[in-house]
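This report refers to the structure that appears directly beneath it.
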């Protein structure tokens, strides 16, 4: 069902931060904030938890490592132990580089893949911009403003007080 | 939603890629190749119905790397006596009279750079059918086996008493590997 | 990539501003919009004559490359000067050279990110692009130096195949190379692209419809600057940086094992991995300097690529150059100290043999030239830096040539000694690959933002 | 393979049966690459487009056909090699051969172990002669006045012009090199009965006329003695390259090697020569002596020996005090000591072209009692029948021709226009002869100017026999039906001599085979003390190839030559030389590759690096370093050599060991009508020799001048010093006695020993027995389908030989010492090449062979870089079916020589010695078929089989009893560069030094 939002656009990060902080303290649910670059301190202001993506990295990396180890050991020792320059079949030290590379490769790709999935980014996805210019020089704060609720006017007031250039209402599904 | 479409696309791509890869690995494998011969020679009749031993005609296989396509004169050993006449036999006899060699079409062409010696295998008691398939049931000879390296090795390992199944190999490896068998050397076939 | 605008201490990059050098990494205080339009100008305006001339030259070289490589595939590598004594020469020299060039990019974007060096922001994008292109050029050589590219797939362990249990030799440094190079290329590419997504979104929103908007829309993956995404984004960037840092060090170490694990006198040395990594960073920075000095002039980006940037890079160049010089000295000492007749002969031959001139040219370019950078004035003089950077590249190419060819042409059995003389095809392909590299780079600065806008915005705001 | 059937019945006659033979005979190797190339291309295209891969799954290789013999043959099973004994036609030595025939065509020359003379050895030229059979330059049939005609037609022309008959006294002359075939001599006799005016002129390009003349004067018999180097404890050779090119090098090498024992009975070999020869490079003591001084040295030696054996008759000689004026006086004294110590078991030989010198040497041998006796080193009674050339013959013939005194000239195997000093005159004179006939197999320098070309068979196509040493007979049988419409020379003569029906001597068979058989029944069978019937005897001999039949001894008397006269002659000449000494001397010599030039179109020999100069594709002017410095000449500078008989331009080559006053030039190059490969390679130096009162002189005064140009030589080795590394190790007899077994400590093994299979193949190479003759190099090339790459590629050091013979000099003066070291893949147990190959294309087999898999190789060349022995060879180009390399592998005919059991490698592939693994497999298969274990000696590599001195031994190291195990466990054994921990399976036996420096 269509939902109603308030979008307040700022031209400076400072006021925007202040607004966000006040909004939260006033108990207004902040849907999201849009910015041309990562404004620091905003995470705490919005109360966003630290992402758990590094665990994905760990798992993927370990997966790559194990695969590399097992695969090399299998091919060199079990599947066909050829006499290569008299070296032992299980030349573990020689297997290290490939293990390392696969760890990094799979770890890295896994992380990025997980990120794209989690952030719902994929080629051809239509951009949903609260206001034009959030990718250029506008900072936009978006709050939920259910019809008839009192969050709407409150949020509008707070944002204008904190120096929002303008605040308007939108409909759209989250 | 759109994401599902994307995922589906990836699945399709993956499947297609897999098929292409499989196709790529069949390049140069002519399993099932059954060309027409200048003289339609039915192995079914000779090796099957009349139970002529393979090595009677392909006598070279006993001593040579080539199995040896028999000379037309060998055919005449019997056909001189048999009165049965067909156009094929007619053409054979002409060839013999004119001492004209018959250019048979080679069916089993090994990949390049591979040396295969028939005598070695015949003497070691490998049945012809093991590689050539049920020749005695073929009217026109066709390549039964893939004749790939992996296929050769499978047999060589079995015969070399080198465990073929991975688990058996693992077990063997734990026990300490059996002495290598020349049949597994590259130079058994490549030189 | 979160070096931008740090004023409060935050979990991702908890640095206090006062710990940072007081250097200004941007001249003046341009508004965010100004930054956007400045940086996207090269992509929106028509290219100048300078660009066209460079591109014409470069693409001519590319055509030459295509022709010669085609002829190579038809005739075999006999058309090169290689022989029974010297099995590798220009081909592997170029390979190692380009891999080395490819090191600066990831170093700047990853290691400097971990070290929180603010100044990387305006150069990392182009440096990474350079890395990608350099690795592409490098990857060309393992493929063509075998003369039969259609057999190259043998080097990949794949399934299903016709060979049954025959895989590849994981003891061979060449296999390590394959994994190292492809991993490095993939990770760098991902890193580069990831860093570009927000800028692509910016461009998408600047674009007024048409094909351009369509393409940018596809590429920007629907980025909308949501803070929730931003915070994940920065974590991912950090993770990738953390992964890429050891990767950078590993790649050239592995490349160096091509030589270090062999028993050829002059190759068989344990100092090769660090020595090669230092050399790689050295040559990489040399190339970055060259490119940036050209682009900042032609594209009028002096505001964002300041002399301070150049000086910072000059310092790194001086450091790594000195490391390389130290490595040269160590090699000679080891040879003498080992008492090994073959090793000793190799280094005597390196300094007095038929290829001695290459050796001295290399010492001149790599060890003596960078010493001028001890003087601040030299570090801040753009023309001088340009000359130095060119010499560094020349020197590093000859370093690889000296290691490879001098090592091979006279070793254990004097009866098998020989000489290598390059043919027109050796030289033509060398030139052609430079052409390939530069045409890729020229296309890049026209088609994509060569400076990370969002990062610069962060910095400018700080 | 072990059976050696005679091919009396086996061989299809020349009536068309051979056509299908050649068809099925197309080497599978060659076919497979042709196929390979096309399929590879298909694949390459596919690689570029994914769609094509789907197509690829269904793609068909080109259809191949299998064509059986029309009628089965019991002798010829396709794919099974047969060995036939025959006789080599490569040179006058007529060594016994066993030729490997595969699918009806000869593909490999092997020595005949049954031969009492050579005992299975061969030489480079002999090994290469099989390639000449498939030479494209050969004539396809008879040619009359430049038009191809049928034999019957050309016979009609010739018989009418020859006329003949009892009263006909027209002079018909046969010009040929030495003919040591008894049956052919009989044919000539028959020819003479038909044409009374017939006479035979013998012309050898490199003759021993002086030796025979001296023996006529001294012993009353103009013979070349049969030398027994194995019976001599001390050998002194004056300008006689008996290990390389002189008389019967294979036989002599074998004898010489018998004396290279590692104990007190070891022989002492002294060489006095101007240019460094293969023999000189192996001598225990080598003295550089200018040709003009050779006589002086001989006299000095005679004097010195005389003093020691105090022979009264020689007092006069000592009075001349020559011993002092001669060079190397001190060394000569030492040699004289050795000779005097070993009277009756020493041998002085000289190849000098000076009768006086030969006389003195004869006297010396007589004085030492080396002549005659049951086991004397010099056998005059049963002399050698080689080198019967008569130097006066050709000049006389030229006069006759110009006088019109020759009505018909038949040239058989001789090429005087090229290889005689008066070649030009000979060519002019040819025009004066009404009928000139040549049996040459090609339009060469001489035969290009004759009326009738009646091409002879190649020796592998023809019947024949030989008697290289009186009493030693050898039979030749065809290995293949004639490839072209050629006819045996003897058969041509018989055809023309066929008497009118009813005339005397009618009814003799004109077919050469029948004639031969008939001749043996009449002439030789009676001499065989055998109870068996002739047919048995014939079959046995044909199968065995050689037979010894005692014959009448040549009657000689004790030395009665005017040696004082000879000495006076030498002394006066020496003093004259002393007064007007200036300028330099030119010395002509043969090389093991080119020999006298008859094999000039054989690319294997052209690309064979000379053991001394290591140069390929051409000859040079060898100059001593000191002289070069004086003349300001460097290797590669073109110099002009001017003698009174002509001038010549050649690239100079600075040659250690070369005499200071002498410029040495190899003959056999500079052909201009040999064929595609041989034309215009090097320069022809024959015209600079000259005929001086009946004897051809191979030395002359010469002026040397820089031509101001530089030539690009094609060396297979560019650096001659060992740089003080102990690559070729040697020890003295004394130290050998004291040395304990394995006194060098074994390097520890880092890894657990790998299990090996039934065998562990290894090889031992005796550096003391290896002379560097290079027979093994060509044998390897022929066995393993090693391509010829041409001068340009050799210059780029891309020569493909799997087996090379490294040559190092110690010092660069006249007294430089030389070592030869055969170097091929060492088959390391810890092979550096294997570890670095990314695709496992090279690994160690369970039998210790370092195996190279061509179709797995992707050509990174990393293995070659990492090989400390640099024995790996890369196919830089496609050397087969490639017009850039117009050698045998490109011509359909030339490809018939390829060994079907060895892959022909394609472009971009690494290759190297694999210890003839195809022979190993064949041997194992033979054992399998015969249900017996493989015995030591069952498998011999090509190089081992070819080696005349038995320096190379291959075998199973796992079997402690095998020869190779014993040798490699011995005191002289060592491994090259073993401090690298490569653990080679190929080992070397240290050279033994007598420490005799001049």
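Chains: A, B, C and D, in written order; residue numbering restarts at 1 for each.
Just so it is clear, a residue touches a chain if its C-beta (ideal position, glycine included) is under 8 Å from a C-beta of that chain, and two chains touch if they have at least 3 such contacts.
Model, not experiment: these values are computed from the prediction.
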Exercise for the section: Just grab the chain with the largest centre-to-centre distance to chain B, centres being mean Cα coordinates. Expected result: A
Handout entry: Selected pair, greater C-beta contact count between C-D and B-C
Key = C-D
Completion exercise
Chain centres from averaged Cα atoms put chain C and chain D apart, in whole Å, by 58
Handout entry: Distance from the mean Cα position of chain C to that of chain B, given in whole angstrom
Key = 52
Fill in the blank from the handout: dist(centroid_CA(chain A), centroid_CA(chain C)) in Å evaluates to 29
Practice task
Among the residues of chain C, pick out those that touch two or more other chains and give their numbers.
Solution key: 165-169, 171, 175
Problem - Residue numbers of chain D (touch at least two other chains) - result: 43, 46, 832, 835, 837, 840, 843, 845-846, 856
Handout entry: Set of chain B residues in contact with two or more other chains
Key = 28, 177, 180
Handout entry: Contact set on chain B toward chain D in their complex
Key = 20, 23-24, 26-28, 30, 33, 35, 60, 63-66, 68-74, 95-96, 99-106, 109, 111-115, 117, 119-120, 123-124, 177, 179-182, 184-188, 190-191
Problem - Contact footprint of chain C on chain B as seen in their complex - result: 21-22, 25, 28-29, 146, 148-151, 153-154
Handout entry: Touch list for chain D against partner chain B, complex
Key = 20, 23, 32-33, 35-36, 39, 43, 46, 50, 53-54, 56-57, 59-61, 63-72, 77-80, 755-758, 843, 845-847, 849, 851, 853-856, 901-903, 914, 917-918, 921, 924-925, 928-929
Exercise for the section: Name, in rising order, each residue of chain C that touches chain B in their complex. Expected result: 158, 160-166
Fill in the blank from the handout: The chain A residues in contact with chain C across the complex are 13, 32-44, 46, 48, 50-51, 53-54, 57, 61, 71-72, 75-76, 79-80, 84-85, 87, 91, 94-95, 97-98, 100-102, 104-105, 107-109, 111-112, 115-116, 118-129, 132-137
